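All chains are identified by letter, namely A, B, C and D, in their written order; residue positions are counted from 1 within each chain.
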């Protein structure tokens, strides 16, 4: 397949949706990003790269970081995580606290905020400096030593993160955060503030399309079973309240962030990332989602 | 691949789990099935068949029928259904009524009972005799004119179906059942009471592995997009509260029933059905699920 | 106190609120009542009577009937009811089904619909003709042999009662309705359809202000403890989601109905009833509630 | 009435219940109180005092403090509080977070923890040193300059208060806490740690039985309407999930604390306080509640 040509068509298909949706404003630093940015990048397990639009411009990866912190936690501690976090779709956001209350502080899956906080606690417990280690892990994935946490965004998250503080204290009240709440939140706010471009993100996630081996470094990040399972979690839980809808319309494991990015995996083939800041009511980028739909339609690459 | 040899190995792998779990007793007629029954059958899109154990013995397909009623409803009315039923995982069974209340009578997806009742209403509305038509549709899939509704099971469902009556009246109170509640329930109780063997069920579902075309009759049941979407729904919502877990451990679109059957699809390859009556606490057959895990492990056939 | 003069003042105070709110339309028969009707009546334990406005015009007492069916059930079976029904405020209407699910079919209190259905089941179980017996009980309270069920309203309730049918079947699914659902619903729909005037209703309820003895017949309806407890339930649970608000603003045991009636009790003194069809968003009559507030302000008769 | 004789009888009635229930252990400092302590005190609006048992021994008043912080907040700001806090019973504790989520951070009433945090925020906002002012207010009520916050209990609350921190941050996320979360929590943890005896507490609360005027200092603490309304709130919301039950069995405005104290008001007559550390599953003192039931039975003093 001619990937560049394909991405150009996908880009053209999605362009008409660019004006729709609203940029996330709950973090002031996110609200400043120009709303009309739009990029797509794709990296295959053979190392092919294609990119279009603002695919080289760094953006705040936000919740997409949950895929990588989960990968680190599984590599660190294997299946121990699943004693403290479930693997089921969460139904809807309304239920996040209800569900935590009913299930005694065990988050439904690692991709809702509650679950990501438990993952962060697990990372923080095993490491002297989890923040530095996560950054190093990401730099290795991308082959870019200048990858950074956007401290303005991290500070903005911390300043406006009352809901996440509530979640963390609530989980703590059930004993499912073992470390200090403030340290866990600090790690979480930083991972959300990672600044990466579409190209970097697609490259970083490529091990998920390659049975756990980073195709650029040949490093085994995860074993094949762990890899498959992260993909399964992305498909069932990766796009907030719209996971069913995305599975229905796109049919690929995917993880989105309120910065406007969406990462999708075609198992055994490639990783693709689209980015545009305007979001639909479910918190997924309108243009990025349109790009994913067009990509699947044109390429026929879906898991179903 | 030598399918027969593979199924024999899968069968042997799952045999040790046969004593675990409990046969469903909420319908008296189900409780009478011998608990140690166990069969597996597989039908490929090329028409190959493999079977092992009690794969030719009919059992009550129960909720697996929801896949077929959904297929009929989509063929009948296309996307109109999605105005009246969502496509998101339901979180957990606890929420079924809560969710209906919050979302004004729109069931979360067509595979929870509430959604299947809306599908049944849609079928009943368009047809003079929906019960007969569904039976005919299934007979065509299987090529067996003697396929039947087990009237004892249907009567048992009707006699003990207070919860389903509550659901139906509740949806009716929001105006999302248009027909008569008693007629919708009658259709629903009958579809659950379809008696089919593993072999018949695998053959009947084979169009889902073949982009919508029944490989035996060459009849187009659904278009490719509709087919893919049913598969996506099975993966995200097909196994009650364990959909995430099954995606995680099996990684195939699957639909289970409290009769002990599980149907799984390997897109573009085959349909596989396992059956054994003992259920885990989530309502999925212990041995059938073990068989699915073994099948995926041994064959490598997973969508992830 | 000059009760007539007092009621005239109360009536004048409340008149300006007459245009506010909306007549209940969910039952067609209720929607036909002229919206500007307004009456107040008061009956003291000494037998004094005062009335103003449309106080002699019968209206549909709806949920106010729950006070009387509860009284009959307690007289019939004493505290056995409390094994099957709680005594706590329900929080809010949203929770009715959630709560039933969490508490396995035990309604939170006898004044929500679910609780009234359990009371009706209890009445129906002990009697050959509960409908006739309840009517007789009410006729005795009022001293009027012509008191009747408005069959048009009862039929209207039955025709539009999908939500109540859902509730009844749901409770049945937990085994907390012992009789036939249709018979329980028939009794419930009829008790709601009792047609009574303010004067009749105040007289009928006077035993609640008189430690359980009907001051007109000297019949002991309930013992003093049972009487007090019904008053306590009215105060904590008698006015739908506004029970706290009514306790706060009025400070009397009270029970309202969507027909626009409100009954309040001044223990050891009197029963007062106001009626006007326009309802606030909580389902309580705007003018009747204004009358109650004015009555308490002018008379100082509050329990607090 | 001979109050001393009455209290002696009430004490004797409740003694057999002393061994039942469990001392609260969630705060270590509470767990150290000897479990067999039991005292009762009563103060009338005429200034009569009666006391029995350990009625002069200070205990941690815990949630009973919510009555006094509410009184101060109403005196400070009048009805403005009700923009930020409801007046309805909360249904059950399970719902506290659900309810906050559904109602956008507006607590259901000022006696659940969420509501008390909003009250604390309101107090803190208007004052330079709310902690000192609340202590002074209580000292004035009691006429005892040595009344104190038990700093060990306050520290214990702070160290184990993850759930309250979660609540406060959650309310903050909706904008319904205006001040700093840590300062609001500090005030709240201290008010719960007030150490008072039954006699002191009964005297302090006597204005609630006297239309808002402290009968000892003749100071008007609240106007009659505000006073009545606090009583109404105590009756509908004062005893956690058992408010309906206490209204049903006792029939007086009451407020309990997990330290084992219960305060009840007989409007226009007296305040009564019982204390014993063992709690029932709803968090109310078993012996104190038995004392209240006996008091009402023997005296006939109930509002119903």
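We take it that a residue touches a chain if its C-beta (ideal position, glycine included) is under 8 Å from a C-beta of that chain, and two chains touch if they have at least 3 such contacts.
Nothing here was measured: the structure is a model prediction, and the numbers come from that model.
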#### Entry: Shared interface partners, meaning chains that touch chain A and chain B
none
### Query
Using each chain's Cα centroid, which is most distant from the centroid of chain D?
B
### Message
As a quick test, compute the distance in whole Å between the mean CA positions of chain C and chain D.
### Response
32
## Note on the structure
Chain centres from averaged Cα atoms put chain B and chain D apart, in whole Å, by 55
### Query
If you average the CA atoms of chain A and of chain D, how many Å lie between those two points?
47
### Query
Which chain C residues reach two or more other chains?
94, 102
### Query
Where do chains touch, given as pairs?
A-B, A-D, B-C, C-D
### Task
Enumerate the contact residues on chain B facing chain C in the complex.
94, 97-98, 101-102, 162-163, 165-170, 172-173, 181
### Message
Taking the touch rule as given, give the residues of chain A at its contact with chain B in the complex, in rising order.
### Response
86-92, 94-95, 99, 102, 108-109, 227-229, 231-233, 235-237, 241-245, 247-249, 251, 253, 267, 302-304
